[in-house]
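Structure record follows, encoded as structure tokens.
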Amino acid sequence: MADVAVIGASGYTGALAARLVHRHPELELVAVTSRSDAGRRLDDLYPQHRVPLVLDAYEIDELGPVDAAIVAYPHGASAPVVAELHERGIKVVDLSADFRLRDVPTYEEWYVPHPEPELIADAVYGLPERYRDEIRGASLVANPGCYPTAAILALHPLAPHLNDVIIDAKSGVSGAGRAPTETTHFVSADENVTPYGVGRHRHMPEIEQELGVQVTFTPHLVPLDQGEMVSCYVHLRADVDVLGLYEEAYAGEPFVELSNRPPGVRDVRETNFCRIHVHPDERTGKVLVFAVIDNLWKGASSQAVQNLNLMLGLDETAGLL
Amino acid sequence: MADVAVIGASGYTGALAARLVHRHPELELVAVTSRSDAGRRLDDLYPQHRVPLVLDAYEIDELGPVDAAIVAYPHGASAPVVAELHERGIKVVDLSADFRLRDVPTYEEWYVPHPEPELIADAVYGLPERYRDEIRGASLVANPGCYPTAAILALHPLAPHLNDVIIDAKSGVSGAGRAPTETTHFVSADENVTPYGVGRHRHMPEIEQELGVQVTFTPHLVPLDQGEMVSCYVHLRADVDVLGLYEEAYAGEPFVELSNRPPGVRDVRETNFCRIHVHPDERTGKVLVFAVIDNLWKGASSQAVQNLNLMLGLDETAGLL
Amino acid sequence: MADVAVIGASGYTGALAARLVHRHPELELVAVTSRSDAGRRLDDLYPQHRVPLVLDAYEIDELGPVDAAIVAYPHGASAPVVAELHERGIKVVDLSADFRLRDVPTYEEWYVPHPEPELIADAVYGLPERYRDEIRGASLVANPGCYPTAAILALHPLAPHLNDVIIDAKSGVSGAGRAPTETTHFVSADENVTPYGVGRHRHMPEIEQELGVQVTFTPHLVPLDQGEMVSCYVHLRADVDVLGLYEEAYAGEPFVELSNRPPGVRDVRETNFCRIHVHPDERTGKVLVFAVIDNLWKGASSQAVQNLNLMLGLDETAGLL
Amino acid sequence: MADVAVIGASGYTGALAARLVHRHPELELVAVTSRSDAGRRLDDLYPQHRVPLVLDAYEIDELGPVDAAIVAYPHGASAPVVAELHERGIKVVDLSADFRLRDVPTYEEWYVPHPEPELIADAVYGLPERYRDEIRGASLVANPGCYPTAAILALHPLAPHLNDVIIDAKSGVSGAGRAPTETTHFVSADENVTPYGVGRHRHMPEIEQELGVQVTFTPHLVPLDQGEMVSCYVHLRADVDVLGLYEEAYAGEPFVELSNRPPGVRDVRETNFCRIHVHPDERTGKVLVFAVIDNLWKGASSQAVQNLNLMLGLDETAGLL
């Protein structure tokens, strides 16, 4: 059993990570911390997760011996904590954006001045379907954003051939986080669909880094709690065997499903699966790709556990099926 | 045309009142005010209402000449403003709880020290189906709470005979107001049902005042935006012609509908109607009554306009059909 | 007062058309018919519409004298009825697809053998923002589909310059009609987003006819009842003053709103408005356009009334504000 | 490993039972059958369950050797199949109502003529919190209805003292089953709350049988997919230590949680838990009890697995945590 701490367990993704670790057959959840809710029981805050631990304030010296940590802090706040844990030899999966972008100026253009730029080189981008071997040997993994997870899985098999990429995304409200705002108010989100971050969403540079092509990316808020769909419209540079590329790329992948009909986000709710439908459109010559994930699971917390499984030499699917 | 101001037009009920006045054939919306959003356009805050006015800070001396006002302030904050308007001879419909309870100690037990207790005697409880004549002559009307509106309309015909009253209510999230909180967060309310205020909801004394009997009242939050149902389970002191009492009580009422099957809250969405189904249960001897309203309309803003119509000598249904 | 019949008033759009005519200040609803529900009261089927008429079986000879009719039959079934009414000099707005496509082979490729091809030449495409003058003089108007209404209003100002057009649409479940199916089951649609008709939706040729350019169009079902958004991603042939074109095209339009921020479908719920946000994206050179309508209102029934107003020489906005 | 068949696996509860058995560490899902969908893959019908089996037509002789079966047929259709399986020595959990009521005339009053009345004596009512020992030795278990499960768990500790019982229930739409109907249409259920079966719901006699008291029971449909709440208002015959009775009754119960605040149905979504809040109301002398379950899980399929665990001598919680 490996001992694991979840740092920042009072937000949606941290709390879910705590639950997944707590129920994991080969991991032991030894500590959960929170900046805002220290002293409260996690199962009081999230009855549905049934994690009977008290949230502590984070103090590196009071953490006790742990083998690994999942950090679920906001960008900017995460990097210093990650650095501290990393220095002590604790394997870290970071749910924030702090170590996802390899280029510091790009990070600083979209986020804040980077608190720990020298650590970026040590970080592996935590998409197992793309970097499985690197993750196995990594001590620091930057867990992808939810939209990038879906978008990259949707288009990765076509990456070398992509020419013009439109990604229209739809996400449930949990993606906006636990903070109550006008946007997350039930009466604002219910019976509504709204685009946001038009032309300037922070997940765009992350998608572009991995796909190696400029993308137009627009997320929309839809009235559901968990789940995310990306609808991709792409033009290819060359005439390739589109379906063959997907079958080859995802043969043997435990968490990617190719579907011969359009998926719904319900198909993957509360799972680590990504389900993909590819439609080469003869009429227009474009390729349409639809991918669904649960934004809190494969888009965050269960993917973090998948990464942890790899980093700790466990079965990649342990605790996730 | 009567000139009307809406004081506190940035909350859900104030904004809707502004829209109803703005579109009313015989009322002129001359001013909208807000404590939190002064300077913003109301149609920027609520595009769906399409009221092209700028919200002002409230200043009695800058209000200009108005015939009537709808005040949509929280309890405690409302009474002083109502008093000020009343003093200048402006007819007022108050959406707050400040003038609903005739007994000051009861008010102060459930709310706050009453800022204007001497004004209570001047106020008429604004349920037209019960106090139509008094409202016609009133200069100050205390608009009922949403649950009391539904509950009193549901049980008023049986009032003299009521013995044991259980009211199980279900309300959409707009009833909790515009403030973003953990409760109103989409992810908290969606796919959920939760009782609240168990044994201690402030609308209980208001219902009891009007029905003249002790009630057990429990509201539940349900995942919809607008709409409210009360399910009433009552035992009667005497054997009466239940259905006859309802038909008699509501004959000719423009906004009360008796239905021979259970109603849904959708039946009255965005209307001033209350729809009622009465089921005398032979098996148990109880009477079951189900009533639905739109909590923002008949439960607040459109009922305020109905009251205003009566106070100003207009057709009671003007602007409401 | 003009006498109007609604043929096929038991479906969602027919029933709403009946309500709008019934409350219209210058129209008189004289008959409602239904193939499936003849004999039932319309306000029993749709309490929320409060139309106190009994549905008749449709019989041209028993219809009585009417000035105009709105026909809400499915495609294929509509054309013969439209022809019959037209022959008797009754002005008709047809909600079906039967007279929208000017090219018979195109219609027959996407629908069925056309029952009344010779009547197509008499029909005007009922988008007032584009064909107002023609509609004024028309005796037969083909009311646009919901997606075409939103998509054409979104892109019409750019039509001559469009080069590559992607339209990603999201629609509430009422768009799928009143028939209970696996797709419209609450448990299928709730907490879900699903693309459908990928690469082969019947509204595509209608959009292409009006915009004069090939489009990639994908609708998605989202968990709400009424409302529709189109998110358009286009590349232009030339460098034009995009915002200027929109302002020019829609100056004075009573039902089109240009917004400087992304709209939500709630903004237009239960209205005849279309709200549009245009975002020229400097980074990619594309133009992004987002438009929202209520699929049952501007996407069907209220647009039918807008057309009827024009055909009958009434104020275009009568009964719609 | 015990070999288990699920008979009738194409409905919501049968399909979920199949998933729970398929993932169970000590059960082997060897067959799934369907009357309506034989020949289809279960993971095609329900992608989210990921059960890679083909649905067969049910034929007792082609079933192969199985140790136990879960039958998920409608009432009336279930009993003959249950009898056949029982005769061959296969342990059966029956999800239908056929063996829940011990009194044949009562069954026949509320349902249909009973096809296998002599088998009723062999059946144990499958609420482990009440009949654990009997279930351990049973060969036929009648799985409780969803409302009875919640209602009996809510009130069982008070059963000897109950005098006047009102149960107001709220259920998600999955409780109405997979058949698409006007009631289950998204547009009917969304933004709606509707009581149904007023005064005559079939779960009433089942609740009365177990509580031994007459109850007034009214279910309401609320707009969510899974989840159920019962709000109980009871008067007691005697002055008892209410909270003490609950603590005593449920000490050590693995799936019943007593909560000191009102629960929400989300708290138990996709779990076998029942969460209960008890509020003795000093003001009125009544006791209010709120209980939540997932209607498809503890209200049906996971409770069936809990029963199977007991019948097969396994850990009661196996496959359920």
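We call the chains A, B, C and D, going by the order they appear; numbering starts again at 1 in every chain.
The rule we apply is simple: a contact is a pair of C-beta atoms (placed from the backbone, for glycine too) under 8 Å apart; a residue touches a chain by one contact, two chains touch by 3 or more.
The structure presented is a predicted model; accordingly, all values stated were derived computationally and were not measured.
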### Per Cα centroids, the chain farthest from chain B
A
### Message
Of the pairs A-B and B-D, which shows more C-beta pairs in contact?
### Response
B-D
#### Entry: Intercentroid distance (Cα basis), chain D paired with chain A, Å
36
### Message
Rounded to a whole Å, what is the gap between the Cα centroids of chain A and chain B?
### Response
45
## Note on the structure
Whole-Å distance, C-alpha centre of chain B to that of chain D, is 40
### Of all residues in chain D, the ones touching two or more other chains
188, 190-191, 223-225, 263, 266, 269
### Query
What part of chain D is in contact with chain A in the complex they form?
23, 47-48, 191, 259, 263, 266-271, 275, 321
### Query
Across the complex, what residues on chain B touch chain D?
164, 166, 168, 170, 172, 188, 190-196, 198-199, 214, 216, 218, 220, 222-227, 229, 231, 233, 262-266, 269, 277, 279, 281, 283-284, 286, 288, 290, 292
### Query
Considering the complex alone, what residue numbers of chain C touch chain D?
12, 173-174, 178, 180-182, 184-191, 223-225
